[in-house]
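A single structure is presented below for examination.
Per-chain residue numbering starts at 1, and chain names A, B, C and D are given in the order in which the chains are listed.
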Amino acid sequence: MFTYVVTLQCTDTAGIVRATSSAIFNLEGNILENDQFTDPVTGQFCMRTRFETPLDDVSTIRSRLDQDLAEFQPQLGVRLENERRRVLVMVSKVDHCLADLLYRLEQGDLPVVIAGVVANHPDLAPLCARYEVPFHLVPVSPATRDQAEETLRGLIEDLDVDFVVLARYMQILSAAFCAQFSGRIINIHHSFLPGFKGARAYHQAYERGVKLIGATAHFVTSDLDEGPIIEQDVVRVTHARQAQDLVALGRDIERSVLARAVHLVGEDRVALVGQRTVIFSQ
Amino acid sequence: MFTYVVTLQCTDTAGIVRATSSAIFNLEGNILENDQFTDPVTGQFCMRTRFETPLDDVSTIRSRLDQDLAEFQPQLGVRLENERRRVLVMVSKVDHCLADLLYRLEQGDLPVVIAGVVANHPDLAPLCARYEVPFHLVPVSPATRDQAEETLRGLIEDLDVDFVVLARYMQILSAAFCAQFSGRIINIHHSFLPGFKGARAYHQAYERGVKLIGATAHFVTSDLDEGPIIEQDVVRVTHARQAQDLVALGRDIERSVLARAVHLVGEDRVALVGQRTVIFSQ
Amino acid sequence: MFTYVVTLQCTDTAGIVRATSSAIFNLEGNILENDQFTDPVTGQFCMRTRFETPLDDVSTIRSRLDQDLAEFQPQLGVRLENERRRVLVMVSKVDHCLADLLYRLEQGDLPVVIAGVVANHPDLAPLCARYEVPFHLVPVSPATRDQAEETLRGLIEDLDVDFVVLARYMQILSAAFCAQFSGRIINIHHSFLPGFKGARAYHQAYERGVKLIGATAHFVTSDLDEGPIIEQDVVRVTHARQAQDLVALGRDIERSVLARAVHLVGEDRVALVGQRTVIFSQ
Amino acid sequence: MFTYVVTLQCTDTAGIVRATSSAIFNLEGNILENDQFTDPVTGQFCMRTRFETPLDDVSTIRSRLDQDLAEFQPQLGVRLENERRRVLVMVSKVDHCLADLLYRLEQGDLPVVIAGVVANHPDLAPLCARYEVPFHLVPVSPATRDQAEETLRGLIEDLDVDFVVLARYMQILSAAFCAQFSGRIINIHHSFLPGFKGARAYHQAYERGVKLIGATAHFVTSDLDEGPIIEQDVVRVTHARQAQDLVALGRDIERSVLARAVHLVGEDRVALVGQRTVIFSQ
């Protein structure tokens, strides 16, 4: 038996669930997991279904679903579960998020393939070597950003990348690049957004005297720190913690929030509805 | 339009989702919320569906679903959403759980009807009077337990009670009573089960020097403190807290865990699969 | 034996701890609890000490400490532990925070005295009557604010109030009033500050699609929503929760955060250092 | 200036704080951090003080404190803060706890020295090599346990080890060994003790249907899984998680709980009072 993950999004109408379940039944499929949500504000219907079937051809599955559900004009995603999403990780110099992703991957806890790592500094090449992940040095300066992004586009194409993870990548991507890969770039922000935007978030948090600090994984849009939130978490801090302590505590929460976001997106559990995400968590 | 909540449980087979969604479609229904889960260990399929339809008769809905899904031999639950589950709350002398349920009900945060309160002591009658909830004094002694349970059965019948909530009720119900109302009695246990069973859980927790204390809401079975868990939560404690402090902190966590469990069961979000619960949370 | 709580704040110098512990020793005191913190940024030293002694006169204790510690020019607080802090609670129409404070007080979980409740609407008078707490209706309009604050000042004086709690009081106090009672007014803000300032915080949170919502208890300054934070907490929410659900979930977190803040301030566990608080928690 | 960490434990009497602060004053010390706790049940007084002084000789400090505090017959610990505690980590085959400790050490987040790693299997030698930490293979069988423990004793002696960390070490140490190093061996247990003792804790947790799983770091005593608890934490799980998922989720919580415990013990923040720990956390 083969297991497929199907995602579907369209305007809500009566009959979608029936049509989808009939289509899967006609594919000799047995549904293992099914999640759906209708957003009451936008009227968008989102669905994620995992089913098994003796059919082993993803293109057949896709074309049959396309045909059977045509009247709903859905955005449709079909993936053989064993064909894991391919991720390009982008970093600068700090390693805690990348090290954690590599570690979890090695443990078998992260259901994706890291197709490569792109960095604008050479510092993390040895870490990638340690885990035998291809490392691509793509330096960026204001003058060379367009060219660097061209290189990125080439890598995304060549490595057949499904989505990009900014694992503390300290460069700003152009609005055009963000728009082109809308919903396909995840960033980890070192604060409980919308709390402290911009740089030195932990120093701002210290100054403000907050009692919890947090991290936010979100999709990247051209509007910096404003993209749809995927996952957030917090950790309690006391007055005795100074700004540098918050940075250290923050590393822990950043890496676990990012790992959870990559896990969710890697399993197609995240749908985008306007500026909000729908999370079909386990 | 009328909104219905349907729950369904049966052995998993291909076609159930299709059959259910077709049946709802035939009832002119539009699905608003749909959750399902197949337990891989037992092969049990559980589903909860909320849909709206112009049909206003719950018995029609039920008989049509019974008919259309007969081949799956499901346990089927059908409820008009506006007809709230009716709850009988049982208490002894301590009031924090009852006071919280009444408070949340008044706030409109608890989607049930409290059909009555039963107590084996008169202490909480004034609290019930304050909220205009009928109070039934049913004293219990070893000699009169059978008779007291007979009175309870009568109240459950007369008040048309869907489920019973033991809100720190300090008497043990007979095995026969537990069996008769299996899956319909919720208890709040003053510990993070299976941590500290039996009485004086907070004193045990203090002795053991735990760093977190918790509470557990579970269905009652004849096997004391062993029924299926609905909800649990914990709160951090330090060495500076003595046993009586833990009791006070525990009150807070008990009342919120119990309220969440009542909320979940009241909205038909809890399915029972063997000794485990499936929670279709929001 | 009599138990006293002493708080002390001054510029850090070698010898303060020795001088304080000697002073307490000379008062025949035995220290039960002692917390101290030196803020590395401001150089401020804060201390809270609880000790027991056979001496039963708070003014003797105070004058002896004043004398023995004069060289450090400390801000000194001395309280007989049994003489609980007196609180004035201010409300408008919503009752969840006030109801929770009254409930906890009745349970013996809140170590303060509620000297009275002030409201700018009559709605919560019956709740206060239920708990036999004096209710003072002080209506406010732009034209009468000065007069209303004059009434407030009178109540604070007459009722011998230690601190004021804004339990969802929907009026803005004047800068002069905030300055006069600096460090003596606690507010509960319905968001995880600095996340969503101003009104309709939960609606903002919904729009932004956050995955956690929170509440913040802080001291009031003339700079709205910017005063020193005392306590914060969060609760997880999903995409399925709409703005009105967040309001309901928020009530729960608001009331518990506020209760914890009142508890901390009531036990003299909160010191103010610049715009940050030092919390000597248990 | 030199910074020292002093820990002190004795029977509570009036005057200890005064005597200690005087002794430190006489050492030209300025107290940076001071925590103390008197256990009301046992009457034990515990203290941890961090102070700076121009004196650079730890043995002078110690002998002066010994002399000045002799009347209290305290257990006294004195450490130059820069001389970090030396840790011996023991492992078997699973690497997540060790990998995390090494990673945090490299990040500068773990204030100890890992003097060496002992394993009863060779599997984790490459991981140690990667971080340039000495790896000692000490195989154990029922027949050779005594000899293996003799080797361990030798390593503890030779490497000047302060405490031992069992980072998922799957062998049971002898009662004699546990007694000899009482309060100096930390274990991470894969459950929220006292919830699921013994092996296959996550499978037990799955069977029981718990809604939170946890991990516990505790001191090792000859009474398996019963030693004093240092730190615990939990993570929420749903019905959709099977036993193997709980194992994976558990890895995350185990490694962070263990790291926090090592951090606390490494900074002398943990005192033992009977079967309970006093934690002087930041």
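The rule is simple: a residue touches a chain if its C-beta (ideal position, glycine included) is under 8 Å from a C-beta of that chain, and two chains touch if they have at least 3 such contacts.
Here the structure is a predicted model, which is why all the values come from computation and not from measurement.
Counting the residue numbers used at the interface between subunit C and subunit D, over half appear in both copies, so the two copies meet with largely the same residues. Summary of the copy comparison: rotating subunit B onto subunit C for the best CA superposition needs 180 degrees, to the nearest 5. Look at where the CA atoms of subunit A average out and do the same for subunit D: the two points lie 37 Å apart.
Each of residues 33, 37, 238, 240 in subunit A touches at least two other chains. Taken together, the subunit C residues at the contact with subunit B in this complex read 33, 96, 99, 103, 107-109, 130, 238, 240-241, 245, 248, 251-252, 256, 281-282. Note for the complex: subunit B touches subunit D at residues 37, 39-41, 192-196, 207-212, 214, 228-234, 238-240, 242, 273, 275-279. If you check the complex, the residues on subunit D that touch subunit C are 12-15, 17-18, 21-22, 24-25, 28-38.
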